Structure formats: C-alpha cells, structure tokens
Amino acid sequence: MIIENTLNLSLAPDDAWRTLLNIPYVAPCLPGTKLTAVVDERTYEGMVDLKLGPVSLSFRGTAVIEDVDPEAMKVRVSAKGREDRGRGSAHATVTFQLHPSGGGTRVEVATDLNLAGSIIQYARGAGVVTRTAQQLVDQFAKRLSTRIDSGEEPDPEAIKVGSLLWRGLTARLKGGKQDVPDA
Amino acid sequence: MPDALPKRTITLTVNGKEHSAETEDRYSLADFLRHGLGLTGTHLGCEHGVCGACTVLVDGQAVRGCLMLAVQAEGRQVVTIEGLANEDGTLSPLQAAFMDNHGLQCGFCTPGILTTLTAYLRDHPNAGEPELREALSGNICRCTGYDTIVRAALAAARTIREGAKA
Amino acid sequence: MKPAPFTYHRAETLAEAAEMAATLDNARLLSGGQSLMAMMNLRYVAVDHLIDLNPVAEIAGIAIDGGRVTLGAMTRQRAVLEDAALAACCPILREALGFVGHVQTRNRGTVGGSLAHLDPAAELPGLAALLEAEITLTGKDGARTLAMADFPQGYMTPDINPGEILTSLAFDLWPDGHGWDFREFAQRHGDFAMAGVGSLIALDAGGRIGRAAVVLIGVGDGPLRLRDVEDILTGEAPSDALFAAAAAMAAARPMSGDALVTETYRQHLSGVLVRRSLARACARATEAAHA
Amino acid sequence: MSSTAFVGQRVKRLEDPDLLTGKGQFLDDLKLPGMLEAAFVRSPFAHATFTEIDAAEARSMPGVIAVLTAKDLPPKMTGKRILLQVPHPQITYAVTQEPLATSEVCFVGEAVAVVIAESRHLAEDAAERVIVDWEPLPAASHCDAALKPGAPVTHACMTDNVAGRLSLGFGDVEAAFRNAAHVIEARYEPHRGTGHPMECRGVVAVYDLVSDAFRIWSSTQTPHNTQRAVIDMFGMAEDHVRVITPDVGGGFGPKNQVYPEELVIPAAARLLGRPVKWAEDRREHFLTTTQERDQVWDVSAAVDQDGVLLGVRGTLIHDAGAYLPWGIIMPYISATTLPGPYKLPAYRMAVTVAFTNLVPTTPLRGAGRPQAVFAMERLMDAVAQKLGLDPAEVRRRNFIQASDMPYDMGLTYRDGAPVMYDTGDYPEAQAQALSKAGYDDFPARQKAALAEGRHIGIGIGNYVEGTGLGPFEGATLRILTNGRVAIYTGAAAAGQAHRTTLAQICADELNIDVTDIDVVGGDTGVMPRGAGTYASRITVNAGSSVRIASVELRGKALALAAAKFDVKPEDVELTHGAVRIKGEQGDSVTFEELAKMTSGMPGYALPKGVKPDLEASGYFTPPQATYSNGSHVAEVEVDAETGQVKILKYTVVHDCGTVINPMLVDGQVQGGVAHGIGNALLERMVFDEDANPLTTTFADYLMPTAEIVPNCDIVHMESPTPLNPLGAKGAGEGGTIPAPAAIVAAVENALTPFGVRITDCPITPQRIVELISAAQDTTQEDR
C-alpha cells in the first residue's frame, strides 16, 4: 500500500532538511509514537500504539535512516515493527523529497506500507485498516507541519484522528482502563 | 499477562450429574466440558461463534459453548449430546430420527445440531420446514446439505407430538 | 484459538461492577460475550481482567411505562424478540431482532453489549438511533445519560469513559398506528448486513407523512440517520415517486467499502432497501389508519 | 451365489449410534497420559525470508516444554521436504513444503516453529512471543498476474512462476476452426474456495523408545500416505510407523495430502519422550489447509451451422499455490474432463500451472472438474445463445450416445490409461432431468413470473467424472472366535459410511447381518497397504476387495465345515452365522466354533487336511477409471435490484452404476450439491494484492446454510460398469461438479432481459448488480 502526502513547511529548505533528519523531533508526530532508544545516529527504537475500534495494538520496532542524499534533498527511512502479541507486522519505507516552495519548503512524503498478520486478515475491516493507515500518515504530516510552524509539541495523549478512528496511546500506557462491554 | 494463571473450582450440573472441577478462568465452557470433564461429545468447529458445533444447553437454552466461559456456568444445568438419550439409554426421538433419516454423515456438527433442535422442538413442537431451516441457520454442516437433517427434525417433531398426545 | 489469560470477576450488583470497573487495570466488561469472546478467542482482544455483568439482575429487564420503554443493558436479545407487549407497541423491534445472529447467540447476546460493541452492521445501535434512544452510563460516582446520536464516536468506538458501565437504553414510543419496517441485505440469514434500513412512519389525519425516521446500518462507521430523507418525506403523501426520491437521496451519500463489498454496491443497495422499506412502512401505517 | 439382502437397500448406518450419543472418537478427543499440546508459529507474510528466530522469552513461559525450529529437528530431517505425492515429468520445480521452513516462507501461515506446552492455551501464549526477523519479499497473489513478465516470483530461487506446462488433445483442431460456421470465444474464471470439513486437521504422535516405533493418529483421508511420508522423512522401517485415523469429521479432499504437522509432531514426540497433540483450529485451517479452484480458461468452440461441435481449443492457467504436494494432477484432470459427455472431433488444451504465494492447492471435492465443467457447460450455453437454440437442444445434438459405449475420448487419463468411458446413457440422463425439472413448461413459467416482475431462470449442468481410480485398495476378512466377522481395510472414512457399505457387501456374501460385522479401517497396522479416500474410489476399490475376499472366505468356511462333517463342500450352506448340512435338520456349526477350531484353542481339533485359515484378503486393482455421469437442472430466482439469488428447485439425475445403498448415495449427492452451491454463490477465498488472505473466519467466508440449500430431487440411473465385480462407480463428488455451471446458467437465464453474460463464479449479488449495470450502460451506448 502506497500512501502519498504533501507537507508545506514555513522553513527554508536547508532548515527543513535538518529538522527532518532529527528523528527524536519528528517521531512523536506520528500519532501514538514514543521513541524508546537511540541506537546510533541513524538507528532508533520506538513503539507505536494505536486502537482499531475495540482492538488495541502496540508495535515495537526500529527505524533506520537508510539513504540520505543532501544534493537531491531526499531521504529514505525504513521502519519495521512487530505487534507485541504477534498479531501483526508492519514494514514501511518512507521517502521524503524536499522542494523549495516560495520562501518555504514543500515535502513530498511517500510511504510504502506493508502490513501483515491477523489484524489485516479481516475482509470486513479491510476498509478501516486502509483508512486508518491513510489517516495516520495524514496526521503525521499535519502534526509535523504544526510542530515546525508553531513549535508546539504533539499531544502524546489520546489522538483524535478523523472521527476518532484513532485514540492514540492505549489506555494501558496511560494507566487507564478500557471498559467497553460487548455484545 | 497475570503472573500466575488464574483458575478456580466450579460446581455445575451436567447431564443431571453434579460436577466440581478446577478450570482456568479463560477456559470456554466447551473446553471445560471436553478437557475438564472428559465429555468430548461437544465439538469445537470454529471457536468464533459461527459454526454451531459446540452448542450445548445451559438452563435449557441453546448457547455457543465456545463463547461462554466455564466459570459462567457455575451453578447451572448443562446438557450435552451425552445427555440427550432416554433414561434407559435408548435414543431420544430426535436421535432416532437422525438415524432413520440419515441426518448425519461425519457426525462432527451433529452434537450442536441435536442440542439446538432439542431445545427448539421443545419450544416449537409444531414447527414447519421454513422455521426449522431458520432455527438451523446457526449450525453449519458440510456433509449432508441439510435436507436429511430437516427431514429428521420433522419426523422427530411428529413423534414428540404423538408422545405428548399419548 | 484460545484466549490469552485473564482474571474473571463476577459482579453481583451494579455497585460491585462499578467498583471493579473503577479499580481494575486493563479490564473489560463482559455481557453476552457473543462478539467479545470471539475476539478474545482470536486474540484480537486481550485483557487482564474480565468483569462479568451477567449476574447483575438490576440492569436486566423490559419496562414499558407511560409511552416510554426502558431496556436494561443485560436484557437478552431473545427476550426483546419474544416480548409480546413490546411487539405490540413497538413492532419494529421484533422485526429487527429476527436479523440478529442466530437462536444460540440471541439466547446470550444482550442489548447493552450490542450497543457498546457498536459493530457498524449491528441492528440494536441502528434501532437506538432510529428511536432516538437515550443511553445511561453508570460509574462509581454516578450516572450520566446521553443521546444515541452522540454515542458513536467512530468505528466501533462508543462514548464510554473508563469505569463507566452502559446500564440502560430508553426511548419514547411512537404513536399507535405508526408504520414500521426493518430489513437488511446479507447473503445468508444472520450474517453481518451489507446494508440494512429501519423506517418508522406516522401519518397525519390527512394521510400524509406527519413524521418519519429512517436509519441505515452497515454502510458506515456507525448507524446513519437519514435526516435529509426524513425532511423530504415529511408533509408528503406516500407515493412511489416519493420513495424513489428518498432512495436516490439515501444512495447518494459516501459509504464504506471493504474487501468484499464496494462503496458503490452499498450505495445501490441502500437505495433499494430504503425505497422498499418506506413503501412497506407507509403501507402498514395506511393499513392501521383504515383498520 | 450371493443374495442381496443388503446390497441395494437403504440400510441404516452402523456408524450412527456412537456419533449420535457423543461417543465418537475424533482426533482432539484423544487423551494420552502425559500428553503435551502444540501450537505453531506461522508466517504473517505471504513471502519473506528470515535468519533468526528468537524463542528465548517463549521458552521461559509457564508450562512450555520446548520451542522447536527447523534447527532443532532431528538431523535426519535436515534439508528434507515432504514426499511429492504425484511426480510428473512436466513439473519445472517439484517443490513441497519443509517440515518447518528454514529460511524462506512462501505463503501466509507457513510454519517456522512449534511450541510444545502442557496445554494448547499455554502453547498459544508462548507462540505469540516468538520473534522472527522477517524480511518481506514481493508476493504473487493471483495465477494470471503471476505469469505476466516482471511479476514477483513465488520462490526466490526461481526466475518465473511456471510450475509446469502440459499440452493435450486430439484431432485436427486447425481444420475444425477453419471449417467452422461459428466460433465462440470466452474467458472463464472459477475462483478459489476450500473444503472446510467441520473438523479441522490434527495429529497425535507417540514414540516408543523400546521398539523405536511411532504410533501416529491423524485426521487424514490417507493414513498410508502419512505413513509413507514419515518413513521417508525419518528413514524408518515401515512396520515401525503405524498411522491410525480416528473418527474423521469430514475430509472433502484437503485431508488427502501430507502436511508438515504430520512430521513435526512425531519429531517433537520423539525428542521430548512424551505424546504430543496438535489440533488445528479454524484460523489455521483457513491459512494452511489446502484450497482449490482458481483457474483462468481462455477457450473457443468451433461449431457447424447446427451447433454441432467441431472442435474446442484454448489455454488454461491453473493456480498451484506455493507448493506442489499433488504435483500438477489437478489441471491435468481439468483438461481431460472438459469434453464431458459430448462428441468432440478435435481438442487442444495448453495448460500452464502457476505458482502463487497462496496456500497450496490440492484436490477438493471435484478436483479440477467443477472448473472444467463450468467452462464446457458455459461454452455450450454460449453456443446456444449465438445460434438462438435452446441450451438443452445444443447439448442433445452433441451427446455421446449409449450405443457408442465404450467410448474412447482420445485422451490419456491421469492413471495412464486412455479416457475410455465405460457405460452410461447421457442423453437419457439429461432427458430425465429435464422432465423432472419441468423444463418444457419453464418458458411459460418464466413469462408469467416476469409479468409479476420476478426474474426466474433455469440452467443445465452435465458432466462425466472419472472415478474409482486405482492403483488398488485392499481388504482382509476374518471370522473371529466370538463369531463375528471383521473387515480390515486401508480405506479411511470421513463420513461416507464405509463401515456400512463394506458390511453390506460382505453380509450378502456370507449370509449374515450387517450388525455381525466389525469394520476396522484407516489403520496401517491392520492393513499394510492402502491408497486412501479420494477420487470417489472407495466403494469401487475397497468394496470390490471386500467382495473378492468375501467370496474366498465363504469358500473357506464351507470347506472347513464340510471337512468337519466329512461331506462335500457343495453339501453344506451358509445360514445366519453358521454352516449347515443342506436338507432338513442337517447338522450345523457356527462361525464361532469354526473360528475356535482354527485358532489353535485346545479342545478344538482341526479336521484332517484343513489349514487353520478362516481369513481372506483381496486387493482390487481396477484396469482404469470408471466414469460416472449426471445431469443437474437448477431453477433460481434473482432479485435484479439487490442481486440476491434464491434456488427454487434443484434436480439431479445421477448415474454411479450399481448403487450399494441408495440412502447413502442420496446423502453424498445432496451434500455434494450443497458444496457446489457454495462454489456457485457464496464461497470465495479473497486475498489482497500482497497475497494476504482476507476471508479467514466463517463470518467472511460464507458456507452454505440450511436456508440456502434446497432439497434436491434426485433420480438414480444405474449403468453398471463391467470394470469391477460390483458394477459400482464413484458417487462422492458428482453432486458438486456440475452445480456451479447449472446455477450460474440459471442466473444468467433469469437475467436474459438484461443481456448479462456470467463467466466467473462464485457469482455474488454485488457482481450481479455490477453486470446488470454494465449491460445497461452498454445498451445505452449502443443507442
């Protein structure tokens, strides 16, 4: 699944470039994401929590900056994660391509996402998964440009994506509970 | 995950006999009947509530044995396929009708179908074919194509009605 | 396909359940279990604690009082289906409940469980939206009531706060002689509907539509009340042309698509079902007026 | 001489009393002292490589005894794959599964490790904590796309996805098309479904260190295949591997091959010194148990001005899935089944078998035939449309006649023998089906319905099915010292009532009651050689073996009694469980006494010159397949607005030669039709573009239910075959084979006012609405 987005940042291309390579700064913009370790300057460990209706998922994984081309202003990050209970795997390659745009920068973000595991082996939910992935990437773009433009830190709490498709961090992380009875 | 696996002892009546046995909290009623009490006549066909093979009677009502926890059956009356025959061990009218009408082939879905129909015919002794087919719509049989099951149910209903008149 | 381990807690009273819900971490409430247990068996859902509401008798039961119906959350779907008094004053319930799963699941499945699970294709949330029900949620520190319209917050995401228990559903009855229809489309009986529709029609003295309520299920993240359709119906005399216009309007809105059912087909089905449903509901209302 | 007190009668099943009271013993019901349970760690990816499996956490979990990966299996298993069932020279890469994958997985669900724990619950807890460093690779998700240049490859070692190519045919096809008055071309696409016996698979294994022997129970249709695979894998002597089938809760084909679990569980039992059980759950069944039916047929028919066939040619792409456990036999069956009951002067079919990163395909009730019949019968309907003829009439003009039998099709069947139809009356079968279905009145009914705004339609499906394949099946009969007769056979039952059928055949020969007979089947320990329950072959093969052995045993019993009485064998006769001297009040000796005489029991002297041998074995080896046939007529109503299809009436004329038990054959046919209805309307395994399976529960994969399947009107024709002593042919799959063709034809017929053509199945309501909509758009464009 390929998801494409465009960010319009107020930063000049050189500043935008440095910002995007600052993973600890960028990572929390992906809803539900927490950086847990910096392995080296190109390798980071973290977790992404999300909620798909009644299903709470927690992915742990690694992101690696694989390809940095300052000339072309292009960077490729590959990330892979495994759901804590083995319900799924996510592999993503995200390419950022920067273009000068007025005084600011236009960033084209292409995400090639490969999801696998029981969470996606569900025909009725296929639309929701696709929509969720799309919204997650959309939110990432939006939150990143907000952070850059306003300096505002992303809300690590419940993240309301669209019609609350996403609730961001799981209740477990917050020490909270999910009290949803069931049919 | 909890540190120690939560378990407890439950007491319930199965096929008229009281049982007390230990079960993990997470065991389904079907798993408990099969592995805890050795009543392997109740079968698990899908464990997600669609196929109906695990259907048992709890306080007389047909329920999915895979979607109810054993601990929830505390103090209840449970009937399984092992408890359907007449007291003298002969086949019940429904069981006999299944034999007469070739209402089963591999026999794997049969426990759930017999329990479902036992409750249904008790409550609807005058059921006709369309009602029976609807009542059976929550039980999947891959072998028979259902027709002989419906014939068997209709035949059993007749026997039950005649028995009630006598 | 065995569930991950959890500790089972049997709540005998609502107060006990509320206390458990407020204090246990990563807990979930168990009512009928007809969806939750399947999701736990599949390990889509794993919890540390399961609080069983089944013994809590005080939140089960059907009450009809002064034109208002209250259904306790733990009322079994079968009880709603078979209740004669309810069928007399609110016949759409029996028609709709016949589509809910199968006899074995209706014997366990509950009103509150279905609402809280909020499957997009579920009949009970659709009925609650159609009947403009109020939902009561009770926590350790008291209860709150909210309109069904505000209850769904997204795909299978109800507005239930941590520690809250859905305890009842209440709605006002439609006047005697109203018309009703509930229908849905699936390839087999008891399946998740690809689309479903519920209609309520009250005619005025002149035989025109005085009040209409139409809801779609199975086509979006939650039940979808068709306010625009209701508006064009109100004040009009029932006619095939009117139903066709309503159907076209219903079919025009964005709907969900998945791996088996496209958005286009859902829209098409919704139009067909809305037209048929309105025709039958109006016919029933007309019949009642002439009776 | 045999009487027929039982053969041909609706004898009630010997299997039923246990199954109706919960006393059946299915695989998961087995409980052995000290038994452990297994859960597998499976690939979430359709195609991936891996190097490390981290099981440290899993091994520390409560109740976990071991976590085994390929590296932990016995050295003898290293580098080995499961024995290929049917080798064929045209296979390009004869690849079967490894017991546990070592570095590459090729479909979602392929196993890489197994957790052995005190219970299944605990094993599953640990399995979810096993971490594998997957590197996903591109995946081939459909057989058609898989053959396009640049498609992702299923196996990293290959450069394309061609698993094999076949070409077969006869006659001068080019001339046929040159001389044709009309040529009809079409593409037909039956889709993938699966068998779904209500009982999933399962294995229990015990290893006996003292005798270095395995006892393995498997929910399989072919215990002897499992035994052969275990012997091959472990390099053991065959009498050290005993495979037993307990009660089996349905098979339908997918339990007719050897799976990795049948090798890994014995390995674990041996390594750990304790019995180990693995009971497949439904999710695993969706992911790992073999499936079938995805094919793409591009076919053309050449006909003369009267609609008489001159030739058929085309190409067939067959979806093999990721491995070839059954080689390329299914597309071979498809290609040889296509001509069906019709005289075809010229035929050419080029078959390409494509690997895909999907669950492997193996024979599933019908085994490649439903697709071929779908293609041929749809083609016949297309001919009828083109020429403005009635579909039944087009078929009549092309039937092979009863007087043409035996009929040499001109092809070689999968068993190496010519496709030689033995007996059958195809025109009569269709005529009877049409008559029973009220076909002649149908146009009037259709017109009347249409006037009410109802769309009803009728469709025909004819087929010829090669059944009763060899190589052989055997039976040993013995009179026991309790006076009962035991039948031992390799054949394993999965609901077909082998016990009853075989007992009927034996009871008539020995003049005893069926209830005096014990049938022990599906146990390599009692019958050292066997093929298995597939290809509708058991009544033909095992039944004939029982007949042969019964005749021999009867002779032995008579001879022994005659010797005892010192009379000639022709002077004694069998009565109920005894042999007596003919004539009034002649002396008699019971089977029990005869058995005791020959058992070596003290006090029972053996007459002079008689061997202690009250036992007979028969192995029936059929010279070729015997061909069953039938005609199905479906009548349906279609809601043209929603696309919903309701089957109003379903008629079957079925000819499986001599019928041993009509009740059981009816049951096979009705059940087979139900499966065919699933293939026609409901059942489809859906995969996404990355080859992830999406229909993995019974809520998404729709099985036919009691409200969907109508009661079939079944008519039996009996054209006994001369190819076996019973005259019987196979009956297990004929119900399924033509059903999709007949039902889809009926749907298309119902939609005649819209001009819809249906070329794939299952045909869903959504697809029907799309087709109607597309046809209407086309009509508007035409204007």
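A, B, C and D are the chain letters, set down in written order, and residue numbers restart from 1 in every chain.
FYI, a contact is a pair of C-beta atoms (placed from the backbone, for glycine too) under 8 Å apart; a residue touches a chain by one contact, two chains touch by 3 or more.
As the structure is a computational prediction, the values presented were derived from the model and not from experiment.
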item	value
Chains most often in contact, by C-beta pairs	B-D
Per Cα centroids, the chain farthest from chain B	A
Chain nearest the overall C-alpha centroid of the shown protein atoms	D
Centre-to-centre distance between chain B and chain A (centres being mean Cα positions), rounded to whole Å	49
Averaged-CA centre spacing for the pair chain C and chain A, given as whole angstrom	35
Inter-chain centre distance, chain C versus chain D - centres from mean C-alpha coordinates, in Å	43
Rounded Å distance, chain B centre to chain D centre (Cα mean)	29
Multi-chain contact residues (two or more partners), chain C	1-5, 30, 33-34, 37, 42-43, 188-189, 192, 259-260
In chain A, residues with contacts to at least two other chains	85, 87, 118, 123-124, 126
Multi-partner residues of chain B (at least 2 other chains)	1, 5, 24, 26, 47-48, 134, 137
All chain pairs that touch each other	A-C, A-D, B-C, B-D, C-D
Chain B residues touching chain D - in the complex, by the definition given at the top	1, 5, 24, 26-27, 34-35, 38-48, 50-51, 53, 80-82, 84-85, 91, 95, 98-100, 102, 104-111, 114, 132-134, 136-137, 139-150
Partner chain B, residues of chain C touching it in the complex	1-8, 10, 30, 33-34, 37-38, 41-42, 48, 50, 52, 54, 78, 101-105, 107-108, 188-190
Sites on chain D touched by chain A in the complex	41, 44-46, 108, 127-131, 134, 136, 283, 287, 686, 688, 690, 692-697, 699-700
Chain A - residues contacting chain D, complex	82, 85-89, 91, 114-118, 120-124, 126
List of chain B residues in touch with chain C within their complex	1-2, 5-6, 8, 24-26, 28, 31, 47-49, 52, 55, 61-64, 66-69, 71-72, 74, 116, 120, 134-135, 137-138
